[in-house]
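Please find one structure pasted underneath; my questions will follow.
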Amino acid sequence: MAESIIVINPNSTTACTDAIDNAMDPLRMTGGPDIECVTMTEGPPGVESQHDSDSIIVPLCDYMRGRDNDAGAFVIACFSDPGLHAARETTDHPVLGIAESAYMTAMTQGEKFGVISILEPSVKRHGRYVRQIGIEARSAGDRAIGLGVVELSQEDKVLDRMIETGRALRDEDGADVLILGCAGMARYRDRVSDALSIPVVEPTQSAVVMALGRLRCG
Amino acid sequence: MAESIIVINPNSTTACTDAIDNAMDPLRMTGGPDIECVTMTEGPPGVESQHDSDSIIVPLCDYMRGRDNDAGAFVIACFSDPGLHAARETTDHPVLGIAESAYMTAMTQGEKFGVISILEPSVKRHGRYVRQIGIEARSAGDRAIGLGVVELSQEDKVLDRMIETGRALRDEDGADVLILGCAGMARYRDRVSDALSIPVVEPTQSAVVMALGRLRCG
Amino acid sequence: MAESIIVINPNSTTACTDAIDNAMDPLRMTGGPDIECVTMTEGPPGVESQHDSDSIIVPLCDYMRGRDNDAGAFVIACFSDPGLHAARETTDHPVLGIAESAYMTAMTQGEKFGVISILEPSVKRHGRYVRQIGIEARSAGDRAIGLGVVELSQEDKVLDRMIETGRALRDEDGADVLILGCAGMARYRDRVSDALSIPVVEPTQSAVVMALGRLRCG
Amino acid sequence: MAESIIVINPNSTTACTDAIDNAMDPLRMTGGPDIECVTMTEGPPGVESQHDSDSIIVPLCDYMRGRDNDAGAFVIACFSDPGLHAARETTDHPVLGIAESAYMTAMTQGEKFGVISILEPSVKRHGRYVRQIGIEARSAGDRAIGLGVVELSQEDKVLDRMIETGRALRDEDGADVLILGCAGMARYRDRVSDALSIPVVEPTQSAVVMALGRLRCG
Amino acid sequence: MAESIIVINPNSTTACTDAIDNAMDPLRMTGGPDIECVTMTEGPPGVESQHDSDSIIVPLCDYMRGRDNDAGAFVIACFSDPGLHAARETTDHPVLGIAESAYMTAMTQGEKFGVISILEPSVKRHGRYVRQIGIEARSAGDRAIGLGVVELSQEDKVLDRMIETGRALRDEDGADVLILGCAGMARYRDRVSDALSIPVVEPTQSAVVMALGRLRCG
Amino acid sequence: MAESIIVINPNSTTACTDAIDNAMDPLRMTGGPDIECVTMTEGPPGVESQHDSDSIIVPLCDYMRGRDNDAGAFVIACFSDPGLHAARETTDHPVLGIAESAYMTAMTQGEKFGVISILEPSVKRHGRYVRQIGIEARSAGDRAIGLGVVELSQEDKVLDRMIETGRALRDEDGADVLILGCAGMARYRDRVSDALSIPVVEPTQSAVVMALGRLRCG
């Protein structure tokens, strides 16, 4: 199958793209679609505000338009799902957002999902999006670790905060499944899940799985 | 009071800005704030798709940043409320969106609001936004007249379709208050209201009223 | 413009009317409508129960009927919005309730509103009303300061409790905008907002702003 | 058992009280509580507006206060549930509203309830109340027969309209259980149910059943 | 009246059936229907998991089919309402579930209900059911005492935990009415209510009251 | 990879299993998991009532227990998702329901989903489930074609009714994505989608895609 899934990291931090790329390995199957992860170099180092998120929509759609001939499906690998609906107008290929896909996936793994976010403003942005999707009845909470995208490489510090935040979501807010609220958190998934004994959904994987389904089932 | 309310029409159709400007006259009071209506010339002729809406966020925020010193408050005069939350990060002045303001105003005038939109894709976009705001319990429906922004100057045709669409919202969907789903429809408000005998909310007026309140009450 | 906005304090505490009247000053503009604040002397000293709220509906509507010729719009200045829908049947002039207007205004200033109420029974009453309006998705919480309407003049005590209550709404319940849950709290607005660094909505101002919009825009 | 259930018809139409009284017969059991139906002579001939509904709250509470010593429980037999929460503050005895009880009962008999109302304004009033109760997910619709309370004795006309209205609720709105939206419709229940082959809930019966439960189970 | 209400305890613990039977005494009236409580001996000792709940549906429906000629109405006396909708297909007699009935009854006694459950998995199961019924706007919370059905006879331990759990529901979650989340808790109702000064709904009583209404009112 | 996805058709109609098996072909990839489709011979010919759905839970869970050692994941291929939560208690492997998965998948392909069901009782059953999942804000409607499971092989008749039903969901109810409400409808997917020009979600494919994701991503 010649078609491929193009996973676009809309921030310019290549360490983030590398982390995403590693997380894709289990989904690379002989006989399955290629999964290509790219960095959108025009993006900000991290998407941390609504303005960051909105400002990358035009270049993101331009990029997709340029790759339209060699793509089978696109995944927007930023947990704000920037430009998801604009992108769906731009191309006839399936476009999946990692937040939307993660929420959908989490709802099959628990009664109430909790989101581990990077910074406080993300929490409000996600709140608006959860209402937009229409699934607030299933949301337990959303809490920030207080570290930005470029700080996500500070392994010990990040892991500690993620576990602490996940514990609050589980014990105080009643979450029984967690979602990583940033594509750059992929590497911490197993450790957070092991530490807290509840499933943790990695959003880019969720979206690529759905993209694969769309590609194969037409 | 030196401060002014800057009403930004983010499409490049000056006829649309003129219509908005006329609708502002009743809100211009001797001792009240100035109300200045401007056209964002970088915008598309009309905001008719999600991509149109998203693509004007960056220039809109840039424009606000440039006017930050002489503005008291900003109003984004497009019913998609493009960049509303990005704009609120950009400036410390109050920023009102005309859709948000119109929904809030309509809920004080009836049990269920109906929206008269321009084109079919607007209906889905508005649907996402109504859920995002969290007020779908008060929405009766949203129907398109099937004419784009630049066609809004065809008086007779537009008025006929608006009345017909408003009647369907009232009689089939149960709306008891209507909202004009495009800033460019302002001139038709009174005639639609008279023809259907229910209140019709003009969104830019709603937003400027709220902006005035924010300016005066601090 | 000869028409005026009549703001009716339906409790008999004139100190409360005076506080409301002061809060109206910024909205009195040359060229704008008169804003007249009146005390409904038949009312109880404070509206603290559902029975208090319901018992003033008949005299309130009678009063409006008597003033129908010289009014442009009415504002019911009690946070229970007593008789709002009965009043709208009674007169053809716009009638605004301060709770409804405050909720609508707050939703343009934050993601989740918190209400500072006087006494515990108000919290349940407001809860019913928030569901009736259909906006519970935007409510963070409602907490009482434990002081009745006539005690609202005890400046230091009231201010301390309001700040403490507002802090709980902000930090424990997640409110990012507060609403004063009693017309008699108007004088404390700026100090609460300054102490907590989040916007605080004064409900009578919200309603008068909306009334002004209705008067001017027809 | 000496205690009795006092069913108060808050309109002054004794034919309405008689119809209610007849509907109570099946619930009068040898060892069960007395069921006394009374007419509140101060009430309007029918409760047809929000103002009608609100204006009877004070006399209704006064009446309950006067009967507090010989009552076991009170039922407010008007489908607007006027003064339900004020009454619950007024007496320590259980107070049931017939609309609230009917909605609760209907939800155990079908997936979606439809309400047969008297006049158009009732529909909006009921809509606010369904949201206040928080059960709009279970509401199929509410439609008026276009006849007022005093016209409910015109047997053939009323029955025809009720069946026609119920059919629209069933076939167009998807109701699988109907509720009579006025205490004065009690006599038509069986005929409407037979004609449409779906259950029809008589609200005063629903409330008296619940009152009986409260009385016996303490 | 020859018809009777058959209350089926679908677990095999006869002590549980006895407790239910005692709770029925106040509802046994001369002239009223018989109330017969039976143990479904094929059931598990207690319904503590979704599998327990689902596994008793077939025998429960078989049992009802066998008793169809001598029953007037059936009550399924397990707070998971196992097989409620299957049972309603099986027999033409009214079938009431105790959870559904308890929720409906509680909503007439307070603004927000809290549920005292046996074990943690019940909480998730109930959460799904509250959403299914469509009443989550009225739910304050659901908390487990951490004791299984067969342990419910350990009076002191159970009572302490119930009061402690009810207090958390009241003070931390905002419940103003409690529901016993297991038929086997009936004997503790009055003591929990007295200790916490808020109403406590016993679910089998709620269902039998509704069954009685259905039997008498046809 | 030795692990396989076991897709269980819980009805005894092998034609239905064959249709499912064919629909799985695009998801069979060289390096991906095996997908085995089995018929649960103890099941009824079709799951058409709540009782049918509930009665297969015990044998379904027994079957899974027996296959626990050679399974990687299970899919319950009946649109009622019978026993989904009981199954998740029964095995530690991922268990996906086809309705849940289809709803989640559809929400990434349109604003409002419509379900094409077999018979009228399914519509009510699905309605309860949509509320249980908490996604009714995204549901446009659910309509039955009026043919049972064993009639699904009557190609022309079934296809005509599916297209007619899908058209009503699209044009009257506002659906912009359709879901096949029965596993046995898989063969009609492309023809319905082509005829109506909107995406149609085949539920067993949706579930197997999600199962594949769970298997690969751990």
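Letters A, B, C, D, E and F mark the chains in the order given here, with residues in each chain numbered from 1 onward.
Everything below uses one rule, namely that contacts are C-beta pairs under 8 Å (C-beta built on N, C-alpha and C of every residue); 3 or more make two chains touch, one makes a residue touch a chain.
Because the structure is a prediction, the values reported are computed rather than measured.
Asks: Fewest touch steps from chain B to chain F?
Replies: Each step joins two touching chains, and the minimum needed here is 1.
Asks: Where the contacts of chain C and chain E overlap, which chains show up?
Replies: A, D
Asks: With contacts defined as at the top, give the pair, A-E or B-C, that has more of them.
Replies: B-C
Asks: Fit chain C onto chain D over the CA trace and report the rotation angle, somewhere between 0 and 180 degrees, nearest 5.
Replies: In degrees, rounded to 5: 180.
Asks: Using each chain's Cα centroid, which is most distant from the centroid of chain E?
Replies: Between chain E and the rest, the longest centre separation is with B.
Asks: Can you spot which option in C-D, B-F or C-E is basically A-B again, with over half of the contact pairs the same by residue number?
Replies: Comparing residue numbers across C-D, B-F or C-E, the repeat of A-B turns out to be C-D.
Asks: Rounded to the nearest whole Å, what is the centre-to-centre distance of chain A and chain C, using the mean of the C-alpha atoms as each centre?
Replies: Averaging C-alpha atoms per chain gives centres 43 Å apart.
Asks: Nearest whole angstrom, what separates the Cα centre of chain D from the Cα centre of chain E?
Replies: The computed centroid separation for chain D versus chain E comes out at 27 Å.
Asks: So the centre of each chain is just the mean of its C-alpha atoms; given that, what is the distance between chain B and chain E in Å?
Replies: 52
Asks: Among the residues of chain D, which are close enough to touch at least two other chains?
Replies: Answer for chain D, listing residues that touch two or more other chains: 128, 131, 133-134, 137.
Asks: Spell out all pairs of chains that touch, sorted by label.
Replies: A-B, A-C, A-E, A-F, B-C, B-D, B-F, C-D, C-E, D-E, D-F, E-F
Asks: What does chain D use to touch chain F in their complex?
Replies: Interface residues on the chain D side: 111-112, 137, 176.
Asks: Name, in rising order, each residue of chain D that touches chain E in their complex.
Replies: Touching chain E from chain D are residues 26-27, 29-32, 96-97, 100-101, 104-105, 107-108, 133-135, 137-138, 190, 202, 205-206, 209-210, 212-213, 216-218.
Asks: Which residues of chain F touch chain D once you look at their complex with the stated criterion?
Replies: Residues in contact with chain D: 124, 127-128, 131, 136.
Asks: Using the touch definition from the top, list the residues of chain E that touch chain F in their complex.
Replies: Checking each residue of chain E against chain F gives 49-51, 53-55, 57-58, 61, 83, 85-86, 88-90, 121, 125, 128-129, 131-134.
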